[in-house]
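Given below, in the form of structure tokens, are the structures.
Same chain, two partners: subunit A is paired with subunit B first, then with subunit C.
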Partner chain A sequence: MLILILKKEWLESKREGRTLWLSRIILLLLACALLSSWHSYQQLQIQKTQVAKSERERWLNQGEKGPHAAAHYGVYIIKPDTGLSVLDPGLTDYQGAVLRLEAHKKNDTLFRNIQDSIQMQRFGDLNSAFIFQTLLPLLIILLGFNSIAAERESGTLKQLLANGLNPKTFYMAKVFALSGLALLLFVPVVLYIVYWLLFGDNITADRSALFIVSYIGYLFIWALMTLIVSSYAQTARSALISLLVIWALGCLLLPKFAIDNAEKQYPTLSSQMFQSKLESEIYTPERQQAIAKFKQDTLDKYGVDNVDQLPFAWSGAQLQFGEKFSDKVFDRLFGQRQMQLEAQSLHYQSAAIFSPFIAIQTISMAAAATDFAHHQLFSNAGEIHRRSIQATLNGDLKDNGLTTRNRSKNYQGDHHLWGKIPKFSYKYPPIGQLTSNYGRAVICLILWLVGLISLSYFAIRRIKNEGQQ
Partner chain B sequence: MNLLICLCEIKNLLRERLLWLVFIITVCFSVLASYNGYQWAATQNAVIKNAQQEQHQATSIAQQGLAKRQALNTPINWWGDSYDLRGQAFYLMVNYATKPPLPSAAIAIGQSDVQLYFFRMLVTQKQAFINQYEVVHPLSLLIGKFDLAFLIIYVLPLLLISICFNALTQEKQSGQLRLLMLQGLSPLRLLFNQLLIRASVIILPLLLISIVALLTFSSGISLLALVLFICLILAYAVFWLALSALVISYGKTSAYNAAVLVIAWLSFVIMVPAILNTAIVTANTAPSRIEYVDILRDNSDAIDKSSSKVMAQFFQDHPELANKNSADTTAGQSNTSYSTKKIAKIAALEAAMQPFDDDFQTVLMAQQLQAEQFSYLSPATLLQSALFNLSGNGLIRHQQFIEQVLSHHKILRDFYQQSISAAHQRGDFSPCTGCIARVTITDLTQVPKFTFQEQRSDAPLASIFILLLFSGIFILLASLRLLAMNRSQAGSALV
Partner chain C sequence: MKNDAQTNVISVTHLSKHFAEYQAVNDISFTVKQGEILALLGPNGAGKTTTINCILGFLKPDAGSVNIAGINPAKDVVAARKQLAYIPEQVALYSKLSGLENLTYMSKIAGVNKTTEQFRQLLNRVNLPEHATDKPVGSYSKGMRQKVGIAIALAKSAKALILDEPTSGLDPSASHEFSELIQKLAKEGVAILMATHDLYRAQEDAHAVAIMNQGQLVYSLDGDAIKEAQLESLYLEHVRAVSTC
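== the complex of A and B ==
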């Protein structure tokens, strides 16, 4: 019986033509999106590898200079991408991909693509995530809104039920037909991931599994939602309107309200105030006093009257002390800002209980490592690297700089010292370790699925009751 | 007859729950969008006010501490000395370049959330500050804000479709249309009256609320801006109503009309702009910022290595800055201060990077030009461009701001360059062996200040015209179809 209904669904959609041309449009868009994203990704990876290599060479071959001059010279590090970012670029354009590591300063990442973009960019990019998160649910709605309501309207539903059709089988067949078609459009993406898993190196099985399973769940949610509404609606018209309202709310409006509310609940300082606060808290009289105290303590510890009599270069020790003083302020102020931004992320995620779009968007970006949490992981790793560079260079200056034993006034480091700074290399952790960043979204997606499966029970009962009437 | 149709339509509509729902949604969304726009403009104003206060405060503090500094005889680092030109130029200067929001800013947040509207200036290479940005949650940039522009571009057509898709069709399906036609009523007249009444349920509250909000909270908004705003909304609404009329004129079921109109909305508002954007960006690929970093570093290294060449070039360009006691520029270099060298290197780096900066600018302008040329493919892109420019939060005004910021940056560099050179030649930085530097800047009000020069922008008359032109074509086609329907229905009624 199930196969028979599925055959009938297929015949109907073939006859109507709507399914085919809508699917063709989506497939064409998907092919364009995949090709253009893949091409950009390949180019970007070549650029990133080349620039990282030449940056490393520049660092190693910077010649002889004071370690502190080298600290100011600094290094630029580049954020890595995963192969899944081809499918979901997420926040890539809205977060910089380059970070400058230098003395005395903790920088934000540089060069957000959105700043080099035209205003039309605000309509969004054509990418696979956009197609699957926004367009495919609409396709499911357009294909499925009348699948039960139209049968009811035309009276065929009662006839079918009178002929002994099992409502459960009928409903299941509709679910399989609708979600099957949506999943068919998802096949190119699965193939891309499998190919990448087999022949690529920037993709992991855990992230890929999360990505695929979540999207299957998401598409299934929209198929179920469409059929539940269709089975309750008296007419195809009311089913369509209700579903479009749900789609517009879930995919367009709720995300806006959710992030807007998150920003209001957990506000951050404007950059102008933040920078002003940062400067006023680092370069304070307390800092001068702390340095003076450190100097006195050091002199006392070594039992000397003057820094020139110390067994090491005072400048190196003072610079490192200054760095540590600034680091505490960075930890506090940047930490507060990061906490607020993370709270905004979580607050936004909580709204996934009202919108499966928010859930899939969060999970998809997390799997592709294009979300805010991964950006923070990279920034934090960069900051650890920066501090280690400063500690090594200041330590070297302290040990080998101006001392009573080594009166060379122009101590300079060379490639031996620069080589002591390890090459920055960062790999994102396994996705399982980051559940705190997207766990709410996963729970919400599961709740949506469970909730809609439960509602399907009532939808089937309603169809059954109709037959009994 | 028209009045009678309208009264009848109002009666019918009042009976429907959908009308009230749409009306309430319109009112709530209009209030919320107006509030969000106003809040954003207020936030920008507050940040700019803070920046100005910080600048003013720095000047006042310097004035108050001048006597103390002049009496100082203990060593002080120049980079921490507010009364040292070098410290001010490279580290301490509080000098902001700001772009105040226009009174019409609440209409569209536009690009103002991704493009910085304030820069703290220092004598440094422009690459160090021009790409700065406001740190907010990147998701809020991706998703965008719920402002009037979003409400009008995305939600207004949906609301119009939701209330208009079954106009005439309802009467046709229930058989009322034949009866009405027998009484001499044409479907054309019935449809246009229905659409007019239904649309006014959405357009009137939207216009009323947004205009009252703009007049109340956006002090100084010009009458022209308001009139253009109203015209843009009306032209966009007319476009969607005309399209609805055209779809309805085909005489299919209301579900079919709804599906076609939703697909049209999806195409015009979501897909065409996204495809256009992707196509334009792919056709005019911007240079890579990652490679830009590489080039910047290479140039910076090259300038560091060829310091003497850079200085020779610098003194050739600025002979007035060479040591006056020296006979030639080469001799002038030997006594060049650290600061002059630093400024010379900044100028050299900016000059070396200029072709690459120009590349970005050229591509951006080419993309923008194509975006404007192709914006006629979708009413949404047409309206977005018009609303962004009207609100002053579009690309054009931002580009004007950036040009002025860079020009101010150069003015500041020239000011410090001249002043530092003069102070250096007077020996102010090291009056005697072991002496501390003299005060070289006493009054911070002497430092050039930035004032944004507003430039006239074109009224979006072309957008309004194009929207009305397409509407006219749709109305004409719908009228022809409805007249044909009238004739055929009349014929069949007679039979």
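== the complex of A and C ==
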């Protein structure tokens, strides 16, 4: 009976111009989004590879230079992308792809206004994720709102029931037909991912599996929701209105409200305020006192009266001491800031219990490594690299600064020193290790599925009881 | 009502059904035997459709019982529905599908396994014009839709046929054609329950007539008495009598 109903649904859909045209429009949009994202991704990867290569060459061939001067010129590191970022660019455009590592400063592209929060004002930006998360549910609604309600309205439901229709099979066939159609539109994405897994790089099976399974679950949720509403609605028109309200709330209003609420609950300083707070807390009288104490302790330790008598270049030791002093301030202030942003993110994720859109958005960005958490991971790796560079350059200055006649001020590092700084390379960890960043969203998505499958029992009962009102 | 030796296909015994304060059906009993056509007459709100819905298993009776070929729909609705076919006032069909596709789909839902050719022959048997068979039902007249409905009943080899206002809105010619079809079905042994306002059709076609008013069965007659009766006068008399009580 299931196949029979599916065949009939397919036949009707085929003859229904609406289905064909809506599917064509979505496919066209998807093709445009995929091609455009693919093109941008390819261009970006070429640029990133070239920039990383030329930046490394510049560093290694910068000639003779004071190590501290080199530290101030800094090193530029490039944030890696996964192949899935083509499908879901997430916050990429808001976070930047390049990080400058220099002395005394912890730069982060988060210090742009648009990155002060996890706000994702991406509507209107045509990408695959937008199509899957926002437009495909709308398509499911437009294709399925009348699926059961219209059968009720036209009387075919009663006719079928009188002919011995099994309501459960009927409902399941409707679910399969509707979700099958939506999943058909998802096939190009699955093919893209499989192709990328086989022939590309920057993509892993675990992330791909999470991405695909979550989207299948998400589309299934919308198919179930559409059919449940359709089975309860007296008319197709009331089903459509109810579903459009649910869609607008779930995909447009609730996410916006959840973001605003998260920002209110866990406020962060603006970029400018944060920068000035950093500077005011680093360059303090306490810092001067700490340096003076460090100087005195060092002189005492070596039993000398001034730094010129030390067996190493004082400037290198002092710079490294200053770095460590700043690092503590960075760790504290950036740590606080990161905690607030993580709290915002978790708060936002929790709202997924009210909106499957929030759940899929979170999971999708996590799988594609385009969320705040992955940016933070990259940023943290960059900071570790920055500190390592400073330690190496300051250590070299301290150890070798005395070999020059005019002491450390004129000491010049050369390609041997630059070569000691390893090339920065970063790969995102397996997605399984980052469940704290998207776990709530996964749970919410599962809860939505379980909840709607449970509600389907009542929808089937409603179909079974057709004619009783 | 027709011949006691014949099997009762539809048995309604002391059936009652109420909705909130409204007593839609109040302790009614009747039977429809194999090959018998029972016309259930009554004004709007008399309880005809509620009775039909109880027979079809869409409503559970408050009291009394319904039996379709030995099966109580309140206990096993699927098995009971397999024994009957239902044709509402407006035969509900899928407008994008052809008559043949509708017949095939509805019949297969009912567990009927026939070839396309056999389904085509069924449509031919109910006099659906051949050129219409493969056309979308959306372009059918009401009479043509009724024919597809009867073809569905034929395909099911239903023991009972329930008709709710079958001739309402049909032109005289289509109404006559419909009448011939159900007479043919009755001769083949199908028990037919027809709720109708059409007194002429009832008098022409039915082997038994029952008049309902305000949920009660207020009058019934069968056999040759139907043809001889002044049905309209009887109808008005019994409907008015109860209404003024």
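Here is the rule we go by: the second predicted complex is superposed on the first by the 445 of 469 C-alpha atoms of A that agree within 3 Å, B and C clash if a C-alpha of one lies under 4 Å from a C-alpha of the other, contacts with A are read in each partner's own complex, and residues count from 1 in each chain.
Quick note on the criterion: a residue touches a chain if its C-beta (ideal position, glycine included) is under 8 Å from a C-beta of that chain, and two chains touch if they have at least 3 such contacts.
As the structure is a prediction and not an experimental result, all values here were calculated from the model.
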Partner chain(s) touched by A:449 [first = subunit B, second = subunit C, both, neither]: neither
Subunit A residues touched - subunit C or subunit B, whichever exceeds: B
Contacts of A:27 with subunit B and subunit C, given as first, second, both or neither: neither
Which of subunit B and subunit C A:255 touches, first, second, both or neither: first
Partner chain(s) touched by A:197 [first = subunit B, second = subunit C, both, neither]: neither
Touched partner set for A:183, first subunit B, second subunit C, both or neither: neither
First (subunit B), second (subunit C), both or neither touched by A:11: second
Touching partner for A:162 - first (subunit B), second (subunit C), both, neither: second
Touching partner for A:353 - first (subunit B), second (subunit C), both, neither: neither
Overlap of the subunit B and subunit C footprints on subunit A, listed as residue numbers: none
Subunit A residues touching subunit B - in the complex, by the definition given at the top: 29, 32-33, 36, 43-44, 47-48, 50-51, 54-55, 58, 62, 76, 78, 90-91, 93-95, 97-98, 108, 110-126, 130, 134-135, 138, 142, 145-146, 235-237, 240-241, 244-245, 248, 252-253, 255-257, 259-260, 262-263, 268, 270-276, 283, 337, 341, 344-345, 348, 372, 375
Parts of subunit C lying in touch with subunit A, wherever the complex brings them together: 53, 56, 58-60, 78, 81-82, 84-86, 88, 90-94, 96-97, 101, 105-111, 136, 152, 156, 162
Interfacial residue positions of subunit A with respect to subunit C in the complex: 1, 4-5, 8, 11-12, 15-16, 154-166, 465-468
Complex interface listing, subunit B residues touching subunit A: 18, 36, 43, 47, 50-51, 54, 80, 96, 110-111, 114-116, 118, 120, 131-146, 150, 154-155, 158, 162, 166, 253-255, 258-259, 262-263, 266, 270-271, 273-278, 280-282, 286, 288-294, 297-298, 301, 360, 364, 367-368, 371, 375, 380-381, 384-385, 388, 394-395
